[in-house]
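I've put the structures underneath this note.
In the two complexes below, subunit A is the common chain; its partner is subunit B in one and subunit C in the other.
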Partner chain A sequence: MSPLAGPPRRVIAWAIPLVIALAVLPFAAPPYQTVLLSYGLVFAIAALGFNLLLGYTGLLSFGHSAYFGVGAYAVAFVVKYLKLESMEAFLLAGVLASAFVAALFGVLCVRYTKIFFGILTLALSQVLWSLAFKFFWVTGGTDGLRVPTPTLLGGTVKMTAAGGQDKLGFLSHRYYYYVLAVFVICVAVMWVIVHSPFGKALQAIRDNETRAEFVGVQVWHYRWVAFLISGIYTGLAGALWVPLNGLTTPDILYWQFSGKIVFFTVLGGFQTFFGPIIGAVIYNYLETYAVGHTVYWQMVLGVVLVVLVLALPAGIVGTAMRLMPRWRRAAAP
Partner chain B sequence: MEEGRRAVNILQTERLTKYFGDTHAVDHVDFTVTEGEVLALIGSNGAGKTTLVNLVSGLIPADSGKILFQGTDITSASIHKKIELGIARSFQLVNLFDRLTALDNVALAIFSRDGKTRKLLSLAESDPAVRDEAQGIMQSFGLASKAAMVAGGLSQGERKLLDVAVAYALRPRLLFLDEPTSGVSTREKAPIMDIITSIVRSGRITAVIIEHDMDVVFTYCPRIVAMHQGAILADGTPDEIRRNEQVTANLLGTQSHA
Partner chain C sequence: MDTLLIHILNSLLYASVMFLIAGGLSLIYGVMRIVNLAHGNLYAFGAYVTAWAIGAVLGDAPRASVALYALLPVGALAAGALGAVLEPTLLRPLYKRAEEYQLLITFGLLLILEDLMRLIWGPYPLSISALYEALGSLHIGESIYPTYNLVVIVVGAAAAAGIWAFVYRTQFGVVLRATSQNMRMASALGVNVNRVYVQAFSIGCFMAGLAGAVVVPQQGAVLGMGVDALILAFVVVVIGGLGSLEGALVGAVLVGAVRELGITFFPEIELAVLYLMAAVVLLIRPAGLFGRA
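Right after this comes the complex of A and B.
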């Protein structure tokens, strides 16, 4: 069976306890840990979107910072120009803006594959980075734009001093649950997409573009739709990320952040559905602790990446899935 | 069964031409296929057989000439349009979706044929009509026991059959099979051809089979078209082809058939 497939019942059987564990986390762990995990879940949504292109369509984008950044800046503009603080408005703005940019960039990119596709996505994301960098009167330049703590669910859930909540308390409880809910919805929707007839068509394009064309799949059109969905997921992640970070700067549009999204996915395993999710969460911990413990944190990550590619090319989840039958056999009497 | 059927051309090419530099791959070819027949296209390597099929199926554009399908000019039609009209093909080097299961390879063709690949918010497995039809096709190709295996893990003979099954799942009117038994052991050839020809005949599909093995051609194909250096050298029944001196000199002389 393809490692990307899998009976939904088995997945649901271990997904439900996991979601319950995530739901009780704010009561069991210090606020800092919950916020840290929120970052991980947000990155996981971006990686999930990214992997629709890499794992399922066979296109390696080096420019996904563009959609993450567009999602983040769209939120900042909503605050700056529309004076809104509603999280739903933020998400809507993030989704619409990233959809627009992904639709546009997608038209240019999906006609190419392999290195040409990668370089084109990279170049386009760098154009956005330079715009954010240079047009400081709109974007705040390197200072970036501040984003206040939003109100949730149409303004019914707020950070209130009267309720004894400070920003960390809000982010580690209410906002964490908000992120968790959006994350669960995103995972469920993506699961359906990759197991839909459309998802099968993408995998067919990945495996054999010519044959896909000869069963009547219009390859460019499907690639473009995949690109669009991928961009929207990443943009949505960007919109969720800004309130956590409180600020968006051009760094988030820079190619290095695109590289991080690639790293998330390779770390977890791009040939599995859950790999990018696990990879994003683990990477987030890895980077946070590496930064906290050494000034040579980039070297630590570099070594991890090298070891990963050499020793576990299938990523953490991919390797675990390969080993699982062996473990089961060993466990059996 | 054959009596009373009018001989209607399903496909006709008029002075169809394709050059690759100085090589005249297909040179002013007038080629016709009659509805319902199983026709073999033979010729040595480089004779232009695959190029002719590539031109008709839309993989490469023609330099000049015309392609008519059921009287409609499809010379510049897209691959997608040609498939809609009912032209499908298999490939000389097996072209499958290697990481999908064998069943999904066939199911995808059915989804695509029915315009269902646009559906992105419903599970592919929850479409019983498509699943049943795909399983039925796997059954008739003798691949039912391999349905859950990834296509990349099948044997060469099974892959050849699956390649044809994927094209067949599109319910074509005209099916091109590019060397369906190449790379397969001699022992496996007859069973593969038996399956293919019986499915093609029972589905009333017109089939054009490119084949190198003359035993296969003479056994399974009532009409044979021989190509040589981009042009049609001969066109006739197996007996006529066997007796044709030009074919014997240019083609059959080089074959090691019994």
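Right after this comes the complex of A and C.
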């Protein structure tokens, strides 16, 4: 039995206390921790979208930096050319732009599987990177583009100097709740998607493409829709990420960022629904910790990845799920 | 006319280096069906080892003696040796697992090697430009052209000829091709597949290291050079066909020419054009110009 098919009641019993804990966090933890967790939640949205392709459709994309970057740059362009500061406008721009790019790239990529799919997504994402890198009069080149602190909920929630709110205060409270709300909605929607007939069809394609085709699943069409949804999620994450970072640079379009998204997902476990979320949050802590303590942080991450692949291929959540029944049995008299 | 000649020489220079890197990558994929994301780091490793070894011998001497060129292959040998260590320890346990894991472990290796080079040789570039200058320059019409660039072109051409003779004219080449076409059958006929794999991987790494070694007098060894080179090597391999050496050669010449044209006529979209070329080839002929499906 797949661990995904667990009864929703048990999942809800886990999820509600967790969301409550996340909701009181800004009052309990220092602002820095809250901002750090915001980054983790944003990456979790990207990983969730990515895993619709890897875990549920069986396609390994090595070019998801494209959609994250498109989401982020769409926001920066909205600021630069339309002079908007509303977060809702940012999200709309990020979603529309990444949907457009994912729809286009998807048409090209979903004709292939396995390594060809991976390399094609990689090549296309590199096209965008090189454009962002070279067209500096539009994109700011390696300096990137600045994005100011946005206003939330149609301009009703703002960062006001008079109210004693500085940028860190804004990001660690109001913006954190905004990210948390979007995150919860994204998780709920993704849960519905993967448990819908559409999600089941994707899993059928992953497990046996030929059989899926024989029972009447339009493989090409389903893969394209999955690609599109996946790209939109990652683009939405990119749009949420920019105000946190305050700046968007071509680095987030570079293929190594795609590698990071794969890393999140495998760290948590791509064969589970919650794995990518846990993986993204933990990765974010791991990277922040490693960067803060050593210049050789890439090596730390590399060693973690190598050990993970060799020793824990099911990831953190996947391994825990396998061990849980054993613990239960051991605990029972 | 002279400018045309210089453009052609520059394209060939670039093609030589790209063939060495991409040829190794393609050989490894052809035999082992592994896309080695750390391949660019072996190229950088070759560059660093060569720069370090020659720098140590050269000391503070203002002029390099020609004998030092004999030390260039050190980087290639070091990269080959590193490959011989990496394949049995990290890759061998993964052949039976899904492709995703093979990509990921080489991605992890990329991160480790990148910082290992920072750890050993520090964050600053190493250069041995004395070797680049020692050969002087040629006059081509009105322009001058560094003689060393011709050395790189010759090395690239010699490597292409050498690897062709090796794969198509030796007994080991037959075993290599047999393993590449049908690993199980070769194994059943008594080929020691593990040994072929480690040899193929080492040769691929040797070629990458050789590219680094011949490039380093001209460009120096810098952090990040491997990561950038890897993606261009991908472009070459995808255009030529994954696993095809002839394809890598044709792909390298094409990429060299497009790059030289790009730098001259459309510098803003030069890289984008290269990546688009790879995407277009994948869309029209997924196996590449010379690949088997």
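Points to keep in mind about this one:
Everything that follows uses one rule, which is that the second predicted complex is superposed on the first by the 333 of 333 C-alpha atoms of A that agree within 3 Å, B and C clash if a C-alpha of one lies under 4 Å from a C-alpha of the other, contacts with A are read in each partner's own complex, and residues count from 1 in each chain.
One rule holds in what follows: a contact is a pair of C-beta atoms (placed from the backbone, for glycine too) under 8 Å apart; a residue touches a chain by one contact, two chains touch by 3 or more.
Computed from a prediction, not measured in an experiment: that's the story for all the values here.
Once both complexes are superposed on subunit A, the partners subunit B and subunit C fit side by side without clashing.
A count of residues in subunit A touched by subunit B and by subunit C gives the higher number to C.
Contact with subunit C, but none with subunit B, is seen for A:F62 once the two complexes are overlaid on the shared chain. Of the two partner chains placed around the shared chain by superposition, subunit B is the only one that A:Q203 touches, whereas subunit C remains out of contact. With both structures placed on the common chain, the touch criterion links A:V303 to subunit C but leaves subunit B unconnected. When the two complexes are overlaid on their common chain A, residue A:P313 makes contact with subunit C while staying clear of subunit B. In the superposed pair of complexes, A:A331 makes contact with neither subunit B nor subunit C.
When the two structures are aligned on the shared chain, A:A212 is found in touch with subunit B, with no touch to subunit C. Residue contacts after overlaying the shared chain place A:H195 against subunit B, while subunit C stays out of touching range. Per the superposed model, the minimal spacing between any CA atom of subunit B and any CA atom of subunit C is 15 Å. In the superposition on chain A, the residues of subunit A contacted by subunit B and by subunit C do not overlap at all. The touching residues of subunit A, when paired with subunit C in their complex, are 54, 60, 62, 108, 111-112, 114-116, 118-120, 122-124, 126-127, 130-131, 133-135, 255-256, 259, 262-263, 266, 270, 295-299, 301-306, 308-310, 313. If you check the complex, the residues on subunit C that touch subunit A are 35, 37, 90, 93-94, 97, 99-101, 103-105, 107-116, 118-119, 123, 227, 231, 234-235, 238, 242, 267-272, 275-276, 278-279, 282-283, 286. By the touch rule above, subunit B contacts subunit A in their complex via residues 57, 59, 79-80, 83-84, 88-89, 91, 95-101, 104, 107-109, 111-113, 116-125, 127, 130, 148, 150, 166-167, 169-170. Listing the residues of subunit A that touch subunit B in their complex gives 1-2, 4-5, 8, 189, 192-193, 195-201, 203-204, 206-208, 210-218, 222, 225, 229.
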